[in-house]
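Labels run A, B and C following the written order; every chain starts at residue 1.
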């Protein structure tokens, strides 16, 4: 029997040699590679997970998206970097972590790769503010922009109409409108924002503060938490909470305030554009067709600068070269005009490219895209300073502002104390 | 208790119990029903009770979470830590109970003290230790640290149980030619099985619900479900529906185990609490 | 209770005195060795896996050590501890944690005792109730916090809405008002752990000798008297176990605070664990975080030792007349 086996074997070898060139052409470059992505549990996460199989089909790499909550994301990713465990190849990086990532060098510096592949990426199509804010700090590109969020004003068109008011163009008008639209007996409240101690209230207040002309750090990057402008804006914030916000707002985090708007409880809410698509979704929202989106109103006479936030994609510097290559391929793929548009068509609400906010299909589905475009063109990504000390500053402010909202201390005293604490960090 | 209590007293007791149980189960009922409510109906003002049931949240959970991996990780971590804890804890409890030394009680208190440690205290040094050994990201890391707390608990519990066993039985066995190990294994041990089961159950519950170590020491593949629950608590939104659905998978296994072995619980704790 | 081997104590032959002494001596030593071997693995394990990291933690607490800037680590002696007591926030954490622990354990004990007494009677009804009551204990604490937060939200929570509407809760809701937030957390903790307390106390009740109780009843003692003079004193070991376990755990509460108020409003619920986790796992300041953790250990230890001594004294006094 032996010789028959040998002939069969020889035939098989010959056949495979003949077919080899064709097989090689079909070979996928990253066959056998697994990419693990740590993703924030925002709207883009599930969409990214859904689209990932297409990348696998194209390149052979398996993609696993691990969806994490905000506090967990930073902790796990940081401990992965510190521990050299190479658990995550790619991580979504919040805009405010850029400073920390730059200082510690945990992620791959992307400037050269971007220059090399500039044509493929179509760099000019990406909003400059996003390229800078969602990944560049001190000249180092620690992440590639992925999901841009515009800070916008969501308001109730029906309530404004009923009261005969126009939606506000300045912060002062917003405050006045909020008070006018508040009617606890209905109940409906003119305003809602985060009040919960910690990152929730800190981030929301910093946004309003910036619009009213305040700033967390001065030109030298040193903290000026108790500047006159900051104190004034905190007083206004408290006023809004006392006179125009739902009673439970002092304990709201993002989930709470989004919920209250979707339930129809609030007339005005400044929010990240990423949630805007949800208001028009009947399975989630009770204000379908009754809301509008416009640019966040700056203070009277102040320059038009709008808040920008969002997420970048960062590559773990610990992983080996082949993994890094595959990770970069993934990033280029998911931010490519075609795929990124698909993401947004599926509800990711995360804008990146100028072409996207002018795309006919997207505009048909999400008519408020011009607002996002306007916001990004005059965007300010640094109103929450992206410095290495940011987590501690955020915590200090989170405690101070919340204390003011619940009536524990006066705004001036709270910010004076906060300033003292912040100075210790520098 | 007296032999013939008046039916009025019995009835009153039952009513009170039923009311208490009802109150205690309200939050659980809310959580369970949330999983079946469409997102827009989970909250409303004023609150309503009517809703159209949907399985969307379960579908979402199955699609975006690797449930099999999560539950498997939880099981491996809990059962592994319990097994290890019993393995070293039961003999140690026996040793302390049967020791003639007066210092034995203080060693028992030492184990009790170990359980006092706030989980965050050994966390980072342990994390660095695991990094240096290369066990970071594996189930072993979590099993090892969970076992410390659980074993200490087991030692303390078994110390009480064994102490309440009369020594005569083992001594009889010894006189009859049994080895020291045999007197433990074949005489003493079978008598404290309810106590072992009770301790084991409590250990499983502690290990299953632990999220600090689970979150810090595991990787995406080895993550237990107690950590995955946190995902629902995102920043931009709390996906209550997802939470409700996930909670089914994190609570039902434990409830099932607890209910099945409920008998041993009381029996076990009964025999040992003295 | 079946005996593994139905042996009697008498054996056939009586050994000579000398041989018996010799055998007993080596037997005693063999026994000691055996027990030592049995106990050693646990002790060694705990030493390596728990005590060693703890010792390192103690060491870290004397350094200004941030994992984000590991090279900048420097020895600062007791600076971290000094900061801990000088810092208003830290001092407030200590007070808050103590208040929480005392309130929660007391509430759980009283409620648990009441429930245990109700469950004492034999019966299928009681067994079913006990089984159902164990369900809260099995729900993950983080989820417990989230559920209560949702239920008590004053604007749209199923309970919170009505409570705020009828003026029972403050307008900001139980969790939103600094004066009620901590108390609400105590209630949440009690919801989860009272059944656990009840279980331990019930076990103690069921192990009481029925003949003593029946004799007392026959002698005409009222239920209240029976409870005060017989039941409670004999229950003390169970009480001790329950109180110590719960005190240790309540002091280290974290999950429910994190998922409801995150330490707020203002600093009403800023317990030590929240403070320690923030320092250690969000800012990666392990020097300072270790100092906080070490201080917690000292507090718990003091608490528990006081407990042990107190209950042992009561236990001894209770058992004296019975002998």
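One rule holds for everything that comes next: contacts are C-beta pairs under 8 Å (C-beta built on N, C-alpha and C of every residue); 3 or more make two chains touch, one makes a residue touch a chain.
All figures in this text were calculated on a predicted structure; none of them were measured in a lab.
In terms of inter-chain touching, the protein chains here all touch one another pairwise.
Among the remaining chains, C is positioned farthest from subunit A, on the basis of C-alpha centroids. Contact tally for A-C versus B-C: the pair with more C-beta pairs in contact is B-C.
Annotation: 38 Å between the Cα-based centres of subunit A and subunit B. Between the CA-based centres of subunit A and subunit C the separation comes to 41 Å, rounded to the whole angstrom. Between the CA-based centres of subunit B and subunit C the separation comes to 14 Å, rounded to the whole angstrom. Among all residues of subunit C, those that touch two or more other chains are 67, 153, 155-156, 281. Within subunit B, contacts with two or more other chains are made by residues 43-45, 128, 216, 230, 232-233, 238. With touch defined as above, residues shared between interfaces to two or more other chains in subunit A number as follows: 71, 75, 200, 253, 259, 263, 265. The touching residues of subunit B, when paired with subunit C in their complex, are 1-3, 5, 10, 13-14, 16-18, 20-21, 24-25, 27-28, 30-31, 43-47, 87-89, 91-92, 94-96, 98-100, 107, 109, 111-126, 128-129, 144-145, 147-149, 151-152, 155, 160, 168-169, 171-173, 175-176, 178, 180-181, 184, 186-187, 190-191, 205, 209, 211-212, 216, 226, 229-230, 232-233, 238, 240, 243, 247, 250-251, 254-255, 258-259, 262, 265-266, 268-274.
Looking at the complex, you find that subunit C touches subunit A at residues 67-69, 89, 153-156, 160, 164, 171-173, 175-178, 261-267, 278, 281-284. Across the interface of their complex, subunit C is touched by residues 71, 74-75, 78, 82, 100, 103-104, 195-198, 200, 246-251, 253, 256, 259-260, 263, 265, 388, 391-392, 395, 399, 402-403, 405-406, 408 of subunit A. Residues of subunit C touching subunit B in their complex: 1-5, 7-9, 11, 30-32, 34-36, 38-39, 41-43, 45-46, 49-54, 56-57, 60, 67, 115, 118-121, 125-127, 129-144, 146-148, 150-151, 153, 155-158, 161-162, 191, 195, 199-200, 202-204, 206-207, 210, 213-214, 217, 237-238, 241, 244, 248, 251-252, 254-255, 259, 272-273, 276-277, 280-281, 286, 289-290, 293-294, 296-297, 300-301, 304, 308.
On the subunit A side of its complex with subunit B, the touching residues are 36, 38, 40-43, 45-46, 49-50, 64-72, 75-76, 79-80, 83-85, 87-88, 187, 199-200, 253-255, 258-259, 262-263, 265, 272, 274-275, 282-286.
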